[in-house]
Amino acid sequence: MSAGLLFASVGVILFALGVAGVLLLGHLLRRILAFNVMGSGAFLVLVGLAQRNGIADPVPQAMVLTGIVVAVAATALALALVRRLYVLTGKIELPQDDEG
Amino acid sequence: MKRLLVVLGAACFVVLLIGAMLDLAPASIALHAAVSANLPSSGVEHPVTAVLLNFRGYDTLLEIAVLLLALIVILAIGIDSTTDVRPAASPVLQALARLAAPLMIVVAVYLLWVGAFRPGGAFQAGAVLAAAAVLLHLAELLPGWQSPGLRLRLGLAGGFLIFLAVAAGLLFQGALLEYPPEQAGWMILLIESGLTVSLGLILAGLFLLLSRDDGDRS
Amino acid sequence: MSLEFVFDLLLALAIIWSAWRSLSASRLDLAIVMFIVFGLLMALAWARLSASDIGLAEAAIGAGLTGALLLDAYGALKRREA
Amino acid sequence: MMVWLILLPLLWASFAFLLGPGRGTWLAMAGLFAQLWLAFALASEIVAGGAVIHAIGGWGAPLGIDLVADGLSAAMLLLTQCIALPLAVYAHAYFKRDDPAVTYFWPLVGFLLAGLNALFLSADLFNIYVTLELLGLAAVGLVAAGGGAQQIAAALRYLFATLVGSGAYLLGVALIYGAYGTVSIHTLTPLITAEAPDLVWIAGGLMMVGLMLKTALFPFHFWLPPAHGGAPAPVSALLSAVVVKASFYLILRLWIGPFSSLTDAAGLVVWLPALLGALAIFWGSYQAIRAERLKMLIAYSTVAQLGYLFLIFPLLASAGALQAGIMQAFAHGLAKAAMFMAAGTLIKATGQDLVAGLAGVAERMPVTLFAFGLAGITLMGLPPSSGFLAKWQLIELALSQQYWVIAFVVLVGGLLAAVYVFRVLRQAFLLAPANSVVTPVPRTLEWTAFVLAAASVLLGLRGVELMQLVGVT
Amino acid sequence: MNFNELLPLAVLASSLIPGLLIFALPESWVRLRTALNLFGALVKLALVLLLIVGVQAGESYGVHFAVLPGLDLAFKADALGLLFITLSAVLWLFTTLYAIGYLEGAPRRSRFFGFFSLCVTATMGIAMAANLFTFFVFYELLTLATFPLVVHRGTAASMRGGTTYLVYTLLGGAVLLTGIIWLHHLLGHTDFAHAGIASALGSAYDFQLQMIFLLLMIGVGVKAAIVPLHGWLPQAMVAPAPVSALLHAVAVVKAGAFGIVRIVYEVYGIEFAQSLDLLLPLALFAALTIVWGSFRALFQDDLKKRLAFSTVSQVSYIVLGVALFGPIGTVGGLVHLVHQGIMKITLFFCAGNYAETLGIHKVSEMNGAGRRMPLTSIAFTIGALGMMGAPLTAGAVSKAWLMDGASAAGMDWAIWVLWTSSLLNAAYFLPILWRLWFKSVPKVWPGEHIAARGWRETAWLLLLPPVVTAAMTLAAGTLSNNQMSPLSWAKLIAEREYLHETIIRTP
């Protein structure tokens, strides 16, 4: 098993972990963490799988750089929303049901 | 119940997907070879930078738009300023920050320059700039932002606009972002310089805007 | 099994462990710290995948900036609660 | 020409940001007007000369990124710009100057449109991921901007849904790149065959699920009603009319493009989107029939109407299904934008947003009610409207392939739509209670909604050109 | 686009454009609104006259536009369509006059007259549709345009009536649409043609065609109020009188009946329909409706409801005529399309007059009204006698042709149906006439709104339309051999349908 494939597998696990976290965690900050874990997983798969033969490939690497910046943008946005929600409601969780 | 289902689903997914990855034949297209082959006419020597700013420069253009957009959204949501007080920064931290900040700026410039040849470039340089700003903020040498003035907005959007202008300018004599090989080098450097400043400001802004409720007293 | 592979394997396990802890830690501040550790380990992994560009970016942005944002948010929430 | 459809909104959005909070209206209007013209010019160019390709950077796929405008993209671009301009005029009249939602409204709209246009034109799976994020974050920002707790909560729900959706899509892209070494749609299409490795099937599934989540297809619709029902009316209109269509467009594009060999070989799986679509129609209509708040009713109607789009998937084997889908997308886009706009006007005028509080508006605000009614006709699929043509095409296709059940779903869906549309109209036709007050609203609000509603109906009298456009590959 | 293509469009535009303009008018611009209404109605009448002259001279009028590839919005003005167009155009003029008088000073008149004009536009579209697709487009448009009229009063009761109306018509529309698309799928088109288009398919399709016929008949049967699809019609009586007139005589039920005629003659073709065994079931349903409607009318005290059930019964005369396989029945059915319209509109005008002038809504309140309102009551009497088929009225002509048609087709049971219905008609109309003329005048009317001035027992705009239509009832009955009479047109059409037979009815 090459390093690429190994880390790609790690990526799959991280992705699954992240998705499960987003689905199951109620606390919004934790959900943001989970989303970041999920994203990192996808990034690892992108580079790791492409480099499973051991040759570095700049194309997925550049994609991941783009992806990391997008992820941080999304994270900051999510944090801003969470903090705003906390200011308004004093809660860091989503209400169970908005309207049936 | 939901928990069990999700965990089971995730486990199945992991097993299936890793299994599928293990018996995957080699890809039929090797883009890294194409990148190496076209590197000389890309204007830079580092392949990742070549992909980021030339071969797939359009991705980067949109990505900067995403970043700028995130900042605008944070501005648009608005955060109530409150008067709560953060514990005062220690003098040691302040001294450290005063020392480190100029150094970090030098590092950023180096990273920007070196990006053409080896790992580094606008993103990393911008991140270092942002880190410097965050450090200054934590040391209470730089206040949190309220709503940015014109000059700051110009700084935030400037890098993106330079990028956009170069891209659009090139459209008039060919395709979008089609650099003439001999001018590619300086054009990319121009874009990267603009991006470094703007990325630094935006990334710092993400932090400074979010923590503005603490900084409004200064 | 080469030494490099053993290192990779350990790194992989460490990454998974830190990710797991950052999601499962009962204390939020601990979870965020674990997340920063996770980011730094990821940076190592990128270096192992000969992607130092991503490694740098991950360390600076993924672990650094995101971590700072999260800690700041955590601090703000704590202060408001207090 | 098509590149400007992406650059222009980026430009005016940035300049609107530079101008500062609350500014940039006229810049946006000028830009939108130019975009509308560009979209029409592009469409006629495509009808005359076939699909257009623009290789960014001059590299060409797979090394570079290609923009491709074929009939499908051009149609979606046209729909987007056609809705955006009247909507902008409406929004300008809708927001008060000091409304917190308006501080950075124009930059957000600009980035949103840039994301949409870039998405419709992109022929590169990873680039599409970036456009999806641009689109998603801008949409979330618009929902949240200046809003109270409910809006912020809705925006967060929406944000997580869209992030998980694009995360799944991205993992799919990563697997595809691993398997084939490229993310260019046109390079991939001949490479992906029915004998593709399991990994590619998983990748396709991930991408589809991610996009379905973003399209709010039942049962992934949970985020849509609070977000669309809670946002300010111009935003709801934009989101319901075009934003959810973007991810639908992608599903369609992938389904008939790179994944066509897979979908041909998939057997019964092709019925899954249609099944979910049917459930969406029933569930969305049921909730719309029950909803107490007007905008919630309309938002649930979006859930239902999106279901129709997914009924075409089992029918794609025969010519014309694509056309039916696009006709439905146009019908719903125009009508739903008009309906949300009319609802916004009604809510502004009556000062409340309950369906039960609408008594008497037929008399006081006939233009707005007409707009609502015309949009309703399109949603019910009654003639003469574009919704009717879409239904006609769907039913005929279903009959020609002996899929009676689809025809039945379409018909029942139309009747259910009639129930919730007439629920509103009935209320509006009642005599006004003596104590009801109707605040005067700007005429612009009334007439922009009317224009879009009328367009949704008039398209039902002349669909030939659109169908011809969609047929260009 | 030449004159022959433009004329059908002009007929549509002559009510569509005034309608749209009226919507835009402020409520208080009464004169301009009235002028637009009447101008539209008169222009339409003139255009229809042009059409009649042209069609008699053998000209053909038609135009079509592609809506989708392979799907046309197509219009034609042929003899059958013209029969309906003329009826609607003439009655529209009088209904408009009547409505102007009826709604004088009432609120929301811009909306009312706007939808009123749209209704007539839709009816014209139905009459001139050259294929089932176009027919359906206007058929549904008619539903939509009539809904605001039915609920015009804005009360809870009118909402209930309106909702019932919608439930029936929208469900019917969905069934009709299914049938049309199915047929379109089999044939590739749905163009109306003499002797039908369905027979082009081989015998393998017989079953499908029978199913489609069922769907189509259910679809149009709702508007034609065929039992058991008639439930909406009595409910819709909550609408103002001019709307009832419109529903019963000018537009809605007529559109349904006309649809049956078009489908049987020009989609299936009468002979092909007979060979598929479709006509007998249709005739049986028509017969059931005729008897059931008349029977229910007996027990209605509410005058408009009694008239509504009478409509249920009478419209099926048309259907029965069509379903009687043979040219004479055809003539009877077609001519009744016109005659029923004229007679029923007279009755509704009169019912409106009683309600508006004296506040009379119930049969039991009508005692002595003949002396207070002689002209209205004479008109009512003529209409009622016509409905019973009394000599010299239009009704007599229709009934005679229908009965001969039944015996010619060998369906003697239909004659008994018609006789039964006539007796029932007499049973529910004669008591009204008795009350009108022979009972004493009550001391107070239920609610007298309009005082008599000399011979004008009520507002002249309310009086003129029923008097004219009553006169037309007599004219159609006595001058039926005139070249321009409805009967002559019906014969012309039937001759085209049954190419090989000459139509001679031996009295």
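Chains: A, B, C, D and E, in written order; residue numbering restarts at 1 for each.
Assume a contact is a pair of C-beta atoms (placed from the backbone, for glycine too) under 8 Å apart; a residue touches a chain by one contact, two chains touch by 3 or more.
Only a predicted model underlies this, so the values are computations on that prediction, with no experimental measurement involved.
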Reaching chain D from chain C through chains that touch each other, fewest steps: 2
Contact-graph distance - origin chain B, target chain C: 1
Chain whose Cα centroid lies nearest the overall Cα centroid: D
Contact pairs, highest-scoring chain pair: B-D
Farthest chain (mean CA position) relative to chain E: C
Between chain D and chain B, distance of the C-alpha-averaged centres to the nearest whole Å: 30
Inter-centroid spacing, chain E versus chain B (mean Cα positions, whole Å): 73
Between chain E and chain D, distance of the C-alpha-averaged centres to the nearest whole Å: 43
Averaged-CA centre spacing for the pair chain B and chain A, given as whole angstrom: 17
Of all residues in chain B, the ones touching two or more other chains: 17, 21, 24, 27, 30-31, 35, 48, 55-56, 59, 63, 66, 69-70, 73, 77-78, 82, 123, 203, 206-207, 210
Residue numbers of chain D (touch at least two other chains): 126, 130, 133, 137, 140-141, 144, 152, 175, 177-178, 181
Per-residue overlap in chain C, given as positions that touch at least 2 other chains: 51, 53, 57, 61, 65, 69, 73, 76, 80
All pairs of touching chains, each written as two labels joined by a dash: A-B, A-C, A-D, B-C, B-D, D-E
Chain D contact footprint on chain E (complex, rising order): 23, 65-69, 71, 73, 107-108, 111, 136-137, 140-141, 143-144, 147-148, 151, 154-156, 159, 162-163, 166, 170-171, 173-174, 177-178, 181-182, 184-185
For the chain A and chain D complex, residues of the former touching the latter: 8, 11, 15, 18-19, 22, 28, 31, 35, 38-39, 41-43, 45-46, 49-50, 52, 59-60, 63, 66-67, 70, 73-74, 77-78, 81-82, 84-85, 88-89, 94-95, 98-100
Complex interface listing, chain B residues touching chain D: 16-17, 19-21, 23-25, 27-31, 34-35, 38, 54-59, 62-63, 65-66, 68-70, 72-73, 75-78, 147, 150, 153-154, 156-157, 160-161, 164, 167-168, 171, 174-179
For the chain C and chain A complex, residues of the former touching the latter: 4-5, 8-9, 12, 15-16, 19-20, 22-23, 28, 31-32, 35, 38, 42, 45-46, 48-51, 53-54, 57-58, 61-62, 65-66, 69-70, 73-74, 76-77, 80
Complex contacts: residues of chain B adjacent to chain A: 2-3, 6-7, 10-11, 13-14, 17-18, 21-22, 24, 26-27, 30-32, 35, 47-48, 50-52, 55-56, 59-60, 63, 66-67, 69-71, 73-74, 77-80, 82, 123, 203, 206-207, 209-210
